[in-house]
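In structure tokens below, several structures.
Common to both upcoming complexes is subunit A, partnered first by subunit B, then by subunit C.
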Partner chain A sequence: MEKASKEVLQLTASKLMFDMTDEEYDRLVKEFEVLIKQMNIIGEIKGVDDAEPMTFPFDVTNSCLREDVCSTSIKKEEALKNAKDVKEGQIRLPRVLK
Partner chain B sequence: MGYMHLGLLDIHEALIKNKVTPLELVLEAIELAKKGTNNCFEYICEKEAIEKAKKLDDSKKDNILYGIPIVVKDNYSTKDIPTTASSNILKDYVPIFSSEVVNRLEEAGAIIIGKTTMDELGMGGSGSAGHLGTTYNPWDKTKTHRIGGSSCGSASAIASGIVPLAIGSDTGDSVRKPASYGASVGLKPTWGRISRFGLFPFAASLDHVGYFTRSVYDSAAILNVLAGRDEKDYSSSFKPVEDYTKKLNEPVAGKRIAVIKEIVDAINDQDILATFKNNLEQLRQRGVVIDFVSIDYKLLKAIYPTYIIVSSAEATSNNANLDGVKFGLREPGKTYEEILKNTRTKGFSKLIKRRFIIGGYSLLKENREELFVRAQKCRRLIVDAFNSVLDKFDAIYCPATPTVAPLISSNLEAFIGDYSIADDYMAFANMGGLPSITLPLGFKDGLPFGGNLTAKAFDESNLFNLAQAIEDSTGLKDLVAKEDE
Partner chain C sequence: MEFEAVIGLEIHIELKTKSKMFSSAPVTYGLEPNTQIELYDLGFPGVMPSVNKQAVISAIRVCHALNMKIDDTLMFDRKNYFYSDLSKGYQITQQFRPIGREGHLTIKTFEGEKDIGIERLHLEEDACKQLHYSDYTLIDYNRSGIPLIEIVSKPEIRSGEEAAKYVEKIRSIVTFLDVSNGKMEEGSLRCDTNVSVREKGSSDFGIKVEIKNVNGLTNIQRAIDYEIRRQTEILQKGEIVKEETRRYDENKKITVLMRAKNDPVDYKYFTDANIAPIKLSKEFIQEAISTSPELAEVKKIRYLSMGLNEYDSDLLISDVDLSKYFDEAVRSGANPKLLANWINVNVRASLKRLNISINEFPITPIHLAELIKIIEKGKISNVQARDLFMKMLEKKISPNKILEESDSTQISDMSTIQKLILETISENEKSVIDYKNGNERVVGFIVGQVLKKSAGKANPALTSKLVLEELKRR
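And then the complex of A and B:
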């Protein structure tokens, strides 16, 4: 397991697209010492590594098939109503493509 | 005299008999909400609620929710009403659609009078981690004890007599723990029983819709309104919906309840233990078979870290859409990446960032197997252990919390070296998707504490039947701590 050093936590925050202050990282490094101990409790459970990972409480059977029935989505005016910046009937966002 | 301190059924009867109108009820609730000093509200929907009350279609008059003022936790989308999940990153966000829960409530005639405070984005259990600060426990006039979270505003609003129904959400125990501290009935039904469409996801495999009422009957009646398939939610169940009030008063003789020995043994408060054991005796007198059963202590100890890892890891992806581009707060930046980073740095609180880093760290390539996948494996063992108890019993029953509401000065968000298995065990019901209800059990020094009952998946009728027997034996229902008392 990667040690929870300040550099690793900084890298983790960077991947998550935010930053923290030096003081916050220092505090978190100390807290991770406690957290890792708590996380290690899981490793002490007998048979844990043989268990099947549980991703949801139980299986859900679903179907994406439906009758081909026409329906309406929201009107343009409604879609734009609460947007902060509307120009020429469209929501204006920051450029995301270079 | 007022009506907002009553249970749903009593208010409904007053409406049917024309003793009061929906508009009068809404005005009463809004006045109470505005006068309240417990910091329950993100937004009071005064104008919207009055307008709805005036236009209410009385063909729905037979519905128990017709004309009833309610509050909704601020992580449910409400069309044209600000929805922030008590986070700065959703500042000024006004959805253009409502969650399915809100649609069903409004379809039944309920009137939302406010959006309630919460721990930011549902993460945290202190009731102090939202952007408006601490929400207070109305049972404590000194404002030194917590109501708990994350559904703090909803728990406080129902406990202080503002409304008879408050919607919350429950990922670890976020309805059922504050219900214990606030003397209300807090339910989270089976995973998939109520649609989560429009509920901001925190950890999708653990998130449940939940709510607070003042009696078991009210809780069952509200499930009748909210339960049922919704094609907009992939996890919504196709299982038929029952009339959950139908079996409430059936005899409980012969039913079997398991008490988890290790959880009870971990409780040090002798008053809570004595009250709980007295209640077990009352249930035995009704013919309920009660056995103390054991679950491996290490497995119980692993509930908390398993929950923290799984929920924090899921939270990192569930909240990736909060990017400062599409909605909510937007901080300036020269590039898309800069906007994203600056917005998330400023918009999330320290606590949220900490949780995200725990999740992100667990998901690092080097740690994933040892932390995240292992936690998922441990989750299976925890759920299997509780389900094997439920194979032999109708329900599991334990005190909901080992103490009354803790002091606000206690730092619940700090990661502590040791913790009691009785503090956070209720997350097993989220891991297994099991229906679980907390209801009042007693008071200590004026502060309430509750018991928690959990049943098999989709066995809500049985759960309510046993909960009704507990409520009948304690006589504790319709409890309200009015602000002026």
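And then the complex of A and C:
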């Protein structure tokens, strides 16, 4: 398995459009070393490649769909409470389009 | 060397539900920004998505109309990207298990009928609306979470005309099924186009150029035809087409570069573990299909069986609301053939003149049906019917009421009318000879003249009867 080096993590972070401090990268590199070690142990078990990937712990389905009934919206003031900058009832950001 | 175009379309359609795809926030258009939202739509952590039943029913109906295989297990995936239109940092969509697969629809072009394959149809949620200004961007979450279906065609479309016909057919399907209002100008139906050009007969694909958000059928056709010409010229010069995203400039009628596609975005799709797989029973799917509103094609067959001709039927089904208006007037007892004629001639002309849609038309289907019944009974002439129609437009009341009102000013006194008839005949003595020679049209002429003399006040039915008697007497 590929080593999660600082360079690999930096590239991944850049693709996800964020960055971290050197200390944070170093800590994450160490955490990944442990993780990859554990993965390698699992990898030694025979026949792992044939197992279907799982998303849910149990193979169950349900038939629950929500009826199309609308609720009352939360208040505008409440919705915008955490916004740093508001203009005309909308959240104002630095220009997104270049 | 001869070239051919390979075109694939991705159409996003906003569904007409009361609440959002994964939250119960209301779906209402044109309201104040950030007033149609739930915490879920703002991406607050810990708020769980719940799947809207009506959106699923709508998707099943469209899948069925597009002859698709319907997946009986609903699963949703996360499309991860970081952008200001997306509160959660991911959009919930159906990447791995779309609800519909392997469909097709038939379009009619100038060259005849053609089958276009459809790759997939999936359910997802809309992103929020951004308004870009010169130095800032405003965010409105009202659109965030509105249910969407995305329909992806196979790359089997070959021209701008075929693409426009394909979109027109999809729009007809979603509007007749009443799952969307299908309005391109309002963004309820949005179309992304992939165009590439290759050597004719080749099985390889050329380099793909994406044209984003083209608005309106005419523009879709023009944008694609322009792009085919542009790429063909590049290839003819022996150069290579660049992989890029372009947009259509309506004024200049050309496509212009938006951005190059150097590094394709990796959305890191994975199944959304917050929505456990949902099993759709056979009965549920069947019920969604069997209770589905009538498609345009089915309506047309019904109209033809009522005795309407091909032309009138096609005009009626060109607009779902017009066909609904027709259906309602038929239910109110109007003769379908006469009614279709009136809608397609007089109603459509009035809509055009007033620049309104049929939903805003002042004459209700019930009142138009009343008018048709009056005409059918022969109570009034064609000229009078058109006059009555204009009065209905103006007064917005029933034709019978208008007739009743005019009856009070109407001359029904036989001797007065008789006097006018005698006067008219003495001025047109040749008419009597013509009548004796078998010209029946003279009756209508004399009646018309008498009505004119009375300033339209003489009772038409009575006048008609008296004119006939007088002519026979001579």
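Convention: the second predicted complex is superposed on the first by the 54 of 98 C-alpha atoms of A that agree within 3 Å, B and C clash if a C-alpha of one lies under 4 Å from a C-alpha of the other, contacts with A are read in each partner's own complex, and residues count from 1 in each chain.
Just so we're on the same page, a residue touches a chain if its C-beta (ideal position, glycine included) is under 8 Å from a C-beta of that chain, and two chains touch if they have at least 3 such contacts.
Given the structure is predicted, the values throughout are model-derived calculations rather than measurements.
J.: In the superposed arrangement, does A:Glu24 touch subunit B (first), subunit C (second), both or neither?
T.: first
J.: I'd like to know which partner A:Lys37 touches here: subunit B for first, subunit C for second, both or neither.
T.: first
J.: So, does A:Leu9 touch the first partner subunit B, the second partner subunit C, both, or neither?
T.: First partner only.
J.: Once the shared chain is lined up, is A:Val48 touching subunit B (first), subunit C (second), both, or neither of them?
T.: first
J.: When the two structures are overlaid on chain A, which partner does A:Glu88 contact: first (subunit B), second (subunit C), both, or neither?
T.: A:Glu88: touches subunit C, not subunit B.
J.: After superposition on the shared chain, which partner residues are touched by A:Ile74: those of subunit B (first), subunit C (second), both, or neither?
T.: After superposing on A, A:Ile74 lies in contact with both subunit B and subunit C.
J.: Looking only at subunit A, is it subunit B or subunit C that touches more of its residues?
T.: B
J.: For subunit A, which residues belong to both interfaces, subunit B and subunit C?
T.: 15-18, 55-56, 60-62, 66, 74, 79, 93-96.
J.: Any idea which subunit C residues touch subunit A in the complex?
T.: Counting only subunit C, the residues touching subunit A are 17-19, 24-27, 32-39, 42, 50-56, 73, 82-84, 130-141, 266, 270-271, 273, 276-281, 284.
J.: State the interface residues of subunit A toward subunit C in the complex, per the touch definition above.
T.: 15-18, 55-56, 60-74, 76, 79-80, 87-97
J.: Considering only the defined contacts, which subunit A positions touch subunit B in the complex?
T.: 1-2, 4, 8-9, 12-13, 15-20, 24, 28, 31-32, 34-35, 37-39, 41-49, 51-58, 60-62, 66, 74, 78-79, 81-82, 84, 93-96, 98
J.: List the residues on subunit B that touch subunit A in their complex, please.
T.: 80, 92, 94-97, 191-192, 205, 231, 234-235, 237-238, 296, 298-299, 301-302, 304-306, 308-309, 316, 323, 325-326, 330, 333, 335-337, 339-341, 344-345, 348, 350, 353-354, 356-358, 360-361, 364, 366-367, 370-371, 373-381, 383, 414-417, 430-434, 457
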